[in-house]
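One chain, chain A, appears in both complexes that follow, with chain B as partner in the first and chain C in the second.
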Partner chain A sequence: MLRLELRPEPSRLMMFASPMLAALAMLLTGSILFSFLGQDPLQGFYVYFIKPATTLYGIGELLLKATPLTLCGVGLALGFRANVWNIGADGQLTMGAIAGGCVALYFQDVDSAWILPLMILAGALGGMAWAAIPALLRTRFNTSEILVSLMLVYVAYLYLSYLVHGPLRDPDGFNFPQSKMFADAALLPILVEGLRTNAAFLVALLLTVGAWFFSTRTFAGYRMQVSGMAPAAAVYAGFSEQRNVWLAFMISGAMAGMAGVGEVAGPIGQLQPSVSPGYGFAAIIVAYVGRLHPVGVLLAALLMSLLYIGGESAQMEMQLPSAITGLFQGMLLFYLLAADLFIHYRFKPAHSSATRATPVSRGEIAS
Partner chain B sequence: MKRRNFFALTTLAAASLLAFSTPLRAAEPLKVGFVYVGPIGDAGWTYAHDQGRLALEKALGAQVKTTYVESVPEGADSERVIRKLATEGNKLIFTTSFGYMNPTEKVAKAFPNVIFEHATGYKTAKNMGNYEARFYEGAYLLGVVAGKMTKKNSLGIVASFPIPEVLRNINAFTLGAQSVNPAIKTKVIWVNSWYDPAKERQAAETMIAQGVDVLGQNTDSPATLQVAQEKGIYAFGWDSDMVKFAPKSHLTANTLDWSNHYIETAKAVIAGTWKPKETRGGLKEGWIKMSPLNAAVSADATKAFEAKKKAMIEGSFTPFQGPIKDQTGAIKVAAGATMPLKELMSMNFYVEGVEGSIPK
Partner chain C sequence: MTLDHLIPFLASTAGAATPLVLAATGELVAERSGVLNLGVEGMMLVGAVTGFGVTLSTGQISLGLLAAMLAAMATALIFAFLTLTLQTNQVATGLALTLFGVGLSAFIGRGLVGQTVERLPNLSFPVLSDIPFFGPLLFRFDVLVYGSIALVLITGWMLARTRLGLIIRAIGESPRSGHAIGYPVIALRYLTVLFGGAMAGLGGAYLSLALTPMWVEGMTAGRGWIALALVVFATWKPRGVILGAYLFGGVTVLQFHGQGFGLAIPSEFLSMLPYLATIVVLVFISRKPQTILLNKPMSLGQNFRADH
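Entry: the complex of A and B
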């Protein structure tokens, strides 16, 4: 019999190596999977992980898809570090898209340079307003922010659906549920001619740097880190838990909201019944694979984006089922969690231990 | 890989040179791409499209080479997938869901030499046509059977999204039932999804509890039928034959067969005669097929069903011919008239006999 025992000191090196290990294990299992599906593993590997990035357009698409993942992921990571669990980024993204979209549709006939900044601001506020609900309930009534933020995702979806079926429906659109296409002034500028990557990517980069600065160079960021790593010490130091909850939700809400604007004012160009294929949820994986560090999150978002796009090319060229994308994403998180478990715990033969091993009951999985 | 690309390029160049110099030589197979909104699975909307793709491969053999991408979300991703199919050398691309309309239009502009066919939308371009089945014809026939088989005069529909296509089906179903049984009423529950077995099941159970004894659906999963079978009432298959999920309850199914359209379109593209147009097909064109009637369907109902089916195939009858009243009793289509295509395409009302109101 083997038991798990808490390590006295988790290895810092391994903490940063574990995403690499997880990715490696995912690739290994993936190639076994490819051979079971009757494909040459090397060819599968090439089509899945290399080919999408071999053209300029492909790279543009990777960056485009990584943008909302980065925005949501960086915001979530700040909160997760402080043990504040915002699971509802997809809802905040949707509300941001609605707020930004309303601005675009209201100023349909205005051709002015301030429309886009106004849309981004509206999007951030929309996301924050939606994030304020779980923050308020948590700080006032100690309600679980995990449940509240998650449930509100579906409310946001339904609200968007109501709007495009009703008040915001395109009057010339044969009663199909979609808004008018946004005017050119309400579309984010494209960075490179011929690609779809737009200015939202630059915003994401800027905010990633900003988030790094916030968490390592400001006192508010420091307070949040301490609260996450040592809650008792934080209380002793007089750091307010409520302030952390609010900060975490406001930052992640604003960033998710901006991600929503990036989608509707970017590749979509209108409001439609669904604006996100679950970026807010995928961002949770992204945040953890990125070790809750802004730069790590950016890299993880690129990897995640590659997993999505690689799945498409695997379908096209090797006729593999679409479920393979979900499989790869799931494997990545699974191996990461497994690796993290062994960073914090180690096996110990049960009979030789004088003190009983600590059961796995710690809430947090990563640092 | 550079070298491989180089060889690919030179062979491509050589091939195109050959193609230009000797136009009569047997050409490369036509590459045809398909974009699906759901997983293919073994029933429903995407399954029916994939059956059409397989029929195309079977009919044209080495003349075509098909590729598909399934479960493509209707947001920002679809444009990339459509574009990728075009870049990979597909010369004919079918995009099979309404939400792909604007992305298809965008990619069509960028690839003037590729032909695009979009299902269930309303836009066309120089190299983009659209196609849609008159699915309400089948829905009407289901209504005829339902109107005859109901004992409580209460029908129900598990509906997906309140868009014109689905409203046409609900209305046609109700009109069909009223044609044989003026007393019937139709209840509708919206599940806001094309495929959500749990919600579909719940909606079906709710309506049965409210006294509905024949259920229709405009969703993709067999959940409604399975509930019907458990509760001992009747229901219908949708998009594809679903009899295996509920052999006792499955009265018939309104099924789609895209084979004709896919084969004809590919032939036209190969022959160089393709023109952008809005293609519509129904019972007559073989786009809609009714599954065999269940043994439980009475002789009386069978007769009414066959008569209406024949009339629609002959063209002497269409479900939306007057007199048709809306819920308020106002005349929507006068007696002797048929509904104009534009109104049909943008339908946004319930006919008399449907209960509740369209969600806004």
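Entry: the complex of A and C
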């Protein structure tokens, strides 16, 4: 029999190893699932997890889908570190897409290099405005930001649906619920000819570095980290919780909003009833798998992007249900949370428990 | 607005409220024992798809309801194992459960889209159901509408008047003291989380077997989250759940009856109402810190590990 024992200090090795362990466990479970679905597990594994990354086009798609995941994930991670739970990134993304889309449609006939920056700015502001609601209600009325930000996701979806069915519908669009296609000046430039990866990926990289700088090299970032790791110490030091909440929501809202612009000014090219297959929710997983660290988030976004693309290719080539992607996503986070156990604990044979050194009592492990 | 519109409106309110009553009551019990499970939405979806699938293949709605409860309990068990045994963060794990439930239900339900089953039949009471006005308003619902209200009353009685309820409340306030007295804190929390899972599953199955007898991906549309908000609205007291759920039920069905009432608003804006109402209600409840402080279980969301 083995029993769990508290480590004297958290294992740094496991901090890095646990996302890998989780990914590995997910891959294994996935392969088993493939064989249950009557497929050759090895072939399923290859088609799902390897093949998408073997062609240049596939890598381009990988970066394309990793872009909104990185943008949302990096922003959310900043907040999660400070115990601020913005889970409404998908709504902020949608509002950003609407704001950016409105700029594009308003300047439909203008061909100027200023349109794209203006769209990105509008998207960031749209996301921030939507994120400001939970931030305001939390700081002013102590209302749960989890529930408010989540509720606003549905409101944003419905608002977009209203716009493309009503005021923004393309009059020449055969009554399809979509806006006009954006003009060329309102589309993000493609990075490599033949691929769909666009400049939004560079923006995401830039902001990832920016977020890293913010959280490790600025006092505001430091305050947020302390508030997450040791709330009592943060209060004692006089760090304002309200400021953290606002910062977290403004940053993650702006980044999610820009992700929305990246979608409508990128692969979509217009406003549609839905502009995100749940990137804002998948970004929660991305943030955790990335250890809430900007660089980790970038890597995790690539893994999550692979899950999306692998799901599509498995559907096309092996008729596997595309819904399997969502299953893998959820599974990945479960495995990660379980593997994180070994950051603080280790297995020990039970019989030697009598001689074990009693560590500092930590009965209640607050989050 | 006429009586012809009012009766169907009020009657369908009960249908919309019932899944909320069920899911919120289950979550309430878990929260009273100190466990915050944000996975209600995921568990409801798993219940909805399982209940529908089993009913479709067996033709037995009771089997479907049972299977829905068991399936949702199984996912609740994952949550319980992670948070209670492996001590993972409850917020993160609950989010994971919701995301997992969304994915799992879409995966299970891929062959079920577009099919339909006979919906949970409405009961008919001799004489009572035929009373004008009150008959359709009170005595023509299905068994789960009445059952959910009974569940709330029984749960309220259990929490307030029984030994088990006292212990559940005690470990929700102070697991350390409960443990010191000798109560099996972790085992009890497993029980309450599983109960929460069963009720969320039943609530989900009510959606796919009674309210709209079919399976659609993501058909809960945030009801699991509204149920979580209802627990706060009810200040962790079961009776409040009924009031809240029927209020929200009314707001939810308003969109289908809006035209009858002469509301000329785009349907999307009417559909926003339940979500906006949730926010407004949450603000009103949490505005006064004392209300929350006095009623919220002290150890809510915090893990407990017994040091022997």
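Everything that follows uses one rule, which is that the second predicted complex is superposed on the first by the 333 of 367 C-alpha atoms of A that agree within 3 Å, B and C clash if a C-alpha of one lies under 4 Å from a C-alpha of the other, contacts with A are read in each partner's own complex, and residues count from 1 in each chain.
In this section, contacts are C-beta pairs under 8 Å (C-beta built on N, C-alpha and C of every residue); 3 or more make two chains touch, one makes a residue touch a chain.
Being a predicted model, the structure only gives us computed values, none of them experimental.
Trainee: Following superposition onto chain A, is the placement of chain B relative to chain C best described as a clash or a fit?
Mentor: Aligned through their shared chain, the two binders clash on chain A.
Trainee: Scan A:321 for contacts with chain B and chain C and give back first, second, both or neither.
Mentor: A:321: touches chain B and chain C.
Trainee: With both complexes superposed on chain A, which partner does A:158 reach: first (chain B), second (chain C), both or neither?
Mentor: both
Trainee: In the superposed arrangement, does A:90 touch chain B (first), chain C (second), both or neither?
Mentor: neither
Trainee: Given the touch rule stated above, what does A:166 touch, chain B (first), chain C (second), both, or neither?
Mentor: After superposition on chain A, A:166 lies in contact with both partners, chain B and chain C.
Trainee: For A:340, is the partner it touches chain B (first), chain C (second), both, or none of the two (neither)?
Mentor: second
Trainee: Output check: A:329 vs chain B and chain C. Expected answer is one of first, second, both, neither. What do you get?
Mentor: second
Trainee: See if chain A has more residues touched by chain B or by chain C, and give me that chain.
Mentor: It is C that touches the greater number of chain A residues.
Trainee: Answer with first, second, both or neither: which of chain B and chain C does A:145 touch in the superposed model?
Mentor: neither
Trainee: Please indicate which partner A:275 is in contact with in the superposed arrangement: first for chain B, second for chain C, both, or neither.
Mentor: The answer is first: A:275 touches chain B but not chain C.
Trainee: Tell me which region of chain C runs into chain B after superposition, given the options 109-117, 235-243, 271-279 or 289-297.
Mentor: 109-117
Trainee: Quick check on the output: what are the common chain A residues between the chain B footprint and the chain C footprint?
Mentor: 158, 161-162, 165-166, 321, 323
Trainee: Enumerate the contact residues on chain C facing chain A in the complex.
Mentor: On the chain C side, the touching residues are 38, 42, 78, 82, 86-93, 95-97, 99-104, 106-107, 109-110, 175-176, 217, 221-222, 225-226, 228-229, 232, 266, 268-269, 271-272, 275-276, 278-279, 282-283, 286-287, 289, 292, 299, 301-307.
Trainee: Which residues of chain B touch chain A once you look at their complex with the stated criterion?
Mentor: Within the complex, chain B touches chain A at residues 1, 39, 67-77, 79-81, 83-85, 87-88, 98-99, 102, 122, 161-164, 192, 345-348, 359-360.
Trainee: What residues of chain A sit close enough to touch chain B in their complex?
Mentor: Residues in contact with chain B: 46, 54, 57, 61, 64-65, 158, 161-162, 165-167, 174-177, 181, 196, 263, 266-270, 272-277, 308-309, 312-313, 315-317, 319, 321-323.
Trainee: Could you pull out which chain A residues touch chain C in their complex?
Mentor: Residues of chain A touching chain C: 85, 87, 133, 137, 141-144, 146-148, 150-155, 158-159, 161-162, 165-166, 278, 281-282, 284-285, 288, 321, 323-331, 333-334, 337-338, 340-341, 344, 361-367.
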